[in-house]
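Two complexes follow with chain A in common, the first pairing it with chain B and the second with chain C.
Let's turn to the complex of A and B:
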């Protein structure tokens, strides 16, 4: 515990830890000191001079070290001749601060007027207007009238694209450098910087492509003026016209807390639509941030391809007819199976599992990465918090490019490493995590050696010692280059390592699977079996019930003569939907309530944001109606009641309560309307921070089977090894409806080392034909140094159906023709 | 008592000599006062460009929530107003409107004004919603209808000049 210091701010006695900044101490006492450049998550810069206050410090007698007292016995105060910034001064004992004195107010007023000398005051058309710190603080502290004519002001470019997602308005910018510091300090990639000097200073992007960061949207939240705005929300609505609905991001397994801002729109035929996504504060999950995929990737929920009504044999039918036909199909089939994806809520998955058990058919989770069974047993447990990791703790990231797969985990791991946690990265190539986070050890292995990673970590004496001595150990595992079985055995080995180093079953310790879907962990917890290769099922089964997956569109299943009776339940018209015998139209998760279990096993609630689309229904209601036709009584109305059933049936969910998931805890920094200048427009959390499941393995440890060694391919001289990797912006059916992201998604491509490209006789930008096993696909060539020689990296979900490493041949597409 | 009756009849006889106040509406119409608040008009500049910049401050000021605005971006190829932004949708629900004139006060470009027209009648609710086309005043002589094609570099201000409100 650090030393406490007592000071007086505006007559209020405040006691805070030593080293606290004055502006934070005041905020803790409920006093708002106006700020523009200061942000509680960033290092102070003292750029804007808005937080000027009068600071008096007690005079100290140099001989005795005691404060000098005046005639009344009070310590004599010494004031500096001028005002000081509250954001760069730390508190000291006996300090007396005036934030509202005549002199301080004058300083603040002058600062606002100075900032406005070159500000265009175009608030009526500014997207920030209504939630703008400059606007608010001008009203509160500034002069009522400007002494500067518009013509006298500096005029700069007003519509500068920084990348394709963010616009910069140079006239509005007050050069507070919050965006620059956010990128450099928090994200670790200095893609923005100041250019020129003095009156000509301006923000520029120095990366290629411009503003090359997946966190770019956050700079618009912390921008204290309307200088940075998103292309997505440009002139979309005024902030006060928007309604807010708390939700959970559905783009990856992190489970970022978000808010959907909605509005009725004439452009969308009078429907209520989502206008933008803002982060919702949860200091245990995503702080005040979200990634660009979460911020801009929501458009699929309002895509033109949404299913509005159930169908049978390609024609719209009533729900009664569709359900009847589906029930008949399932009843008459002798071999049948249910396959669901991690996009569904816990309640949906539970209902599906009950139906599968009732019909005695297997319930599969469609996932490219396995090992959830181990996360279920050795994952994080109740009370764990990644932000608690720091000095003395260790984080191991295996075969996962966190920056591309789960950006917020990248951010949190990087922050933990900055706080002193030992970061150990095992990856076959250099990832952004390695380049941008202070790491302790890197274990470089060749593709194909995934089975030996954990063994090699054990053999490296220093790494082994760090792992053993760590107070807490968290292991993230991915499936870079691996198929389902290999990632399963990797997860088992990681769990083994946790047990061996004595970290299993403890708080702040555990295994985290970097799943591509928001609720894959929920499916593992509810007892689904993993599957990825669906071809055998399509060849042997009589009936299949597919929920929220598109194996035809992904290219995993190929049409041959035989096709089982297909029941497809989804929200979009996908290639699989077009193959279906019965289509059941589900509503998007933004139109209903439910819970997701994130990769760190945190159960979080989401709430309806917009009305249901057409005649679609929630997944659990559809399954329950189908169950009713097959003689199974399931809850069809209330997600809350289903969750209570789950809590009663599964030990890990024991003690969780649907209503209590909406509970929140006090958080720092404060957020909300009055704190927009202080912490940005991230929304306060009033609808639930969620709760981590209890450890299944608590007390009794399940013995681990010996690590499975699965054969995998290695790069060899003279051949090309194709390796599937994850990219954040892929061409999956949930991301392509967001037109704004098409520039980031790009065309299908293969990434080669310059040497490999030279050997294959191809150069960057050329179109090649890739042939592997019995498949082929066209792709553009990209050449990057960090790729191992003899390896071709192929992003998943980009139109090249590669599920695991494979030997391949390259041809120039033109030469083939 | 007779005195009182006489006084009352006096008024009656006096009124018989005066001209009637009733006018034959709708054949005859009485001019409205200068500050009368009738149906809204969306004004244009002399060159035909719309004054409205789609800021929706009128909608925010409206106590009856009668105004709905949706904005879009101007380009030099398709310009509706001088600034960066214009109203792509502008609707006033005249059934809700209480003709208080707050919208007029809130407007930074003096685009919306309450006019003289008090003859509003509808036979169903949908008719009571006045669209932008119905509210916009005709293009003044010498002006061009919107959207206009404008040369680049002329309309560089984000918002047109805003004047201090004068009575």
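Let's turn to the complex of A and C:
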């Protein structure tokens, strides 16, 4: 516990920990000191001079070290002859501060007047208008009229693209450097800076591609003026026209809290549509941030490929006909199975599982990463908080490139490492986390040697010691280079490590699966089973019920002669939908309510943002209607009631309900309308911070790693080993409808080490034909140093249907000059 | 050839001045080196310096952009920088600049067709009392020339190789 300091701000006594910045202390006491450059998540810069205040400090007698008292016995105060910045001064005992004195107001007023000398005052067409700190603070502190000539304003470029996603308006910029500092300090990617100096200063990026960061959108939230805007939202709507719906991001397993801003508009034929995504504060999950995939990837919900009505044999039919047909198909099939993905809510998955049990068919989870059963038993438990990790704790990241797979976890882990947590990274190649985080130990292993990772960690004395001595241990595992079986074994080995080092079953400790889907963990918790190979199912089953997955489009399954009766339930027209006998049109998660369980086992609610599209229905309602035709009575109306059933049926969910999930806790920094200047436009959390599931009962705590069921492929001299990797921006059916991300997605490519490329006789930018097993695909060659020699990295969901490591040959398809 | 290959010893000597964990401090010396080599700091040079210092190329560009004596465009071999701030102007720097421009056949900011000279108008060079004054920047050296008349200035330029 640090020492507490008491001071007086505007006559109010405030007691805060020593070292607190004056601006924060004031805010804690409910006093808003105006700021532009200060942000509570960034180091103070003292650049904008907006927070000028009068500070008096008790005079200290140098001989005695005691305060000098005046005739009334009060400490004598010493004021500096000038105003000081509240954002760079820390509190001290007995300090007396005036934020609203005549002198302070004068300083603040002058600062605004100066900032406005060359500000264009184009508020009527500015996206920030209505939620703009400069606008608000000008109203509150600025002069009504400027003494400067309007004609003397310096005019600068107004539409400068900083990459594909962010635009800079140079004349609106007040050079506060929040965006620069956000990138450099918080993300560790210094891709923005000031060019020139003095009056000529301007924000630039010279990275390749420009503004090379997956967190770029956050700079528009903390920009205190309309200088940085997103390509998605600029000139799209005015903030006061927008309604807000609390939601959870569906793009990965982190479960970032977000808000969908919507409005009804003529240009969308009078429909209510999503206009933008903003982060919603949850200091236990995503702070005030989201990644660009979460911010810009929502357009699939309004894609032209959305299914609007059910179909049978390729023709639109009524729900009654479609359900009847589906029910008949399932009833008459002797061999049948259900496959669902982690894109579905807990309520959907629970309903599906009930139906599967009723029909005595297996319920499989569609996932490239296995091991969820181990996360269910050894994952984080109630009360855990990744932001609590720091000095004395350890984080192990195995076979996962967090920056590409779960950006907010990358940020979380990096921050924990900055606070002093020991970071251990086991990965076959250099990832961004390795380059950007301090306090780390790296274990490099070859692709194919995944089975030995944990054993090698045990043998490295320093790492083993760190793991054993860590107060808390959190392990993230992915599946780079691995098939489902290997990743399951890896998860088991990680769980074993938690047990061995004495970390299992404790708060702030546990295993986290870096799943590609928002609710994969929910599926594991609700009893879904992994399926190692889908192809045989499609060859032996009589009927399959596929919900929220596209195995044909993903290249996991190929049409080989015999075809089962296919019931496909999805939101988009996919390759699998085109194969279906019955298509059931589900609505997007933005059109209904439900819960997701994140990779850290946090159950969180999302709320309806827009009306249902066409005649689509929530997944659980469809399944319930199907169940009704098959003699099973399921809840079809209320997601809340379904969640109650889940809480009754699964011990880990015990005691949870929709009301508890909607609870919030006080958070720092404060957010919301009055705090836009302080914290940016990240939205306050009023609709729920979620709850982490409770630990599964003791007694199930002695796992033994199962042996690898399949031999792993290793790089070998003279051959090329293809390895699928996850990239944040892929060409999956959920991301391609977001046109503005196409530049980031790029073309199908293969990444080779310079030496491998040389041996294959190809150079960067050339098009090659990749042949593996009995398949082939074209790809552009990229050459990067971090790839192991003899390996070709192939991003998943980029049009190259590689689902697991394979030996391959490269042929030059086209020599590009 | 890259800077690292061409000047490996000099670069080693530069890095020796700073503790390894503070090696980004070597940025100024490396920028000087790059500018001496080509007369300006190219994109490639910035990239190389960034890699050497393990910082982003944007950070290197930011430092290069802050200092007016680092240049990012290829210009004349010699940069003639005339101060025309108020005290210098009072001693005739304005007309001196115009005369010099005329004699060289370029406008301030431009380079002579033979690529030898770039004439620049700059802020204070710290010799107000001896204006008209200009400095010649070439490689990593700067030479001052004070109390100049047009004839004297042309004589100075003629002597430059």
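Rule of thumb we're sticking to: the second predicted complex is superposed on the first by the 797 of 817 C-alpha atoms of A that agree within 3 Å, B and C clash if a C-alpha of one lies under 4 Å from a C-alpha of the other, contacts with A are read in each partner's own complex, and residues count from 1 in each chain.
Here is the rule we go by: contacts are C-beta pairs under 8 Å (C-beta built on N, C-alpha and C of every residue); 3 or more make two chains touch, one makes a residue touch a chain.
Everything quoted here is computed from the prediction, not taken from an experiment.
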Touched partner set for A:529, first chain B, second chain C, both or neither: neither
Partner chain(s) touched by A:324 [first = chain B, second = chain C, both, neither]: neither
Superposed model, chain A: greater residue contact from chain B or chain C: B
First, second, both or neither for A:430, with chain B first and chain C second: neither
Partner chain(s) touched by A:266 [first = chain B, second = chain C, both, neither]: first
Contacts of A:197 with chain B and chain C, given as first, second, both or neither: second
Touching both chain B and chain C, residues of chain A: none
Chain C residues within the chain A interface of the complex: 43, 46, 55-59, 61-62, 65-66, 68
Residues of chain A touching chain C in the complex: 184, 189-197, 204-208
Residues of chain B touching chain A in the complex: 53-57, 59-60, 68, 70-73, 83-85, 88-89, 91, 108-109, 156-159, 161-162
Chain B partner contacts - residues on chain A that touch it in the complex: 120, 122, 124-126, 129, 150, 155, 158-159, 171, 234-235, 237-238, 240-241, 265-267
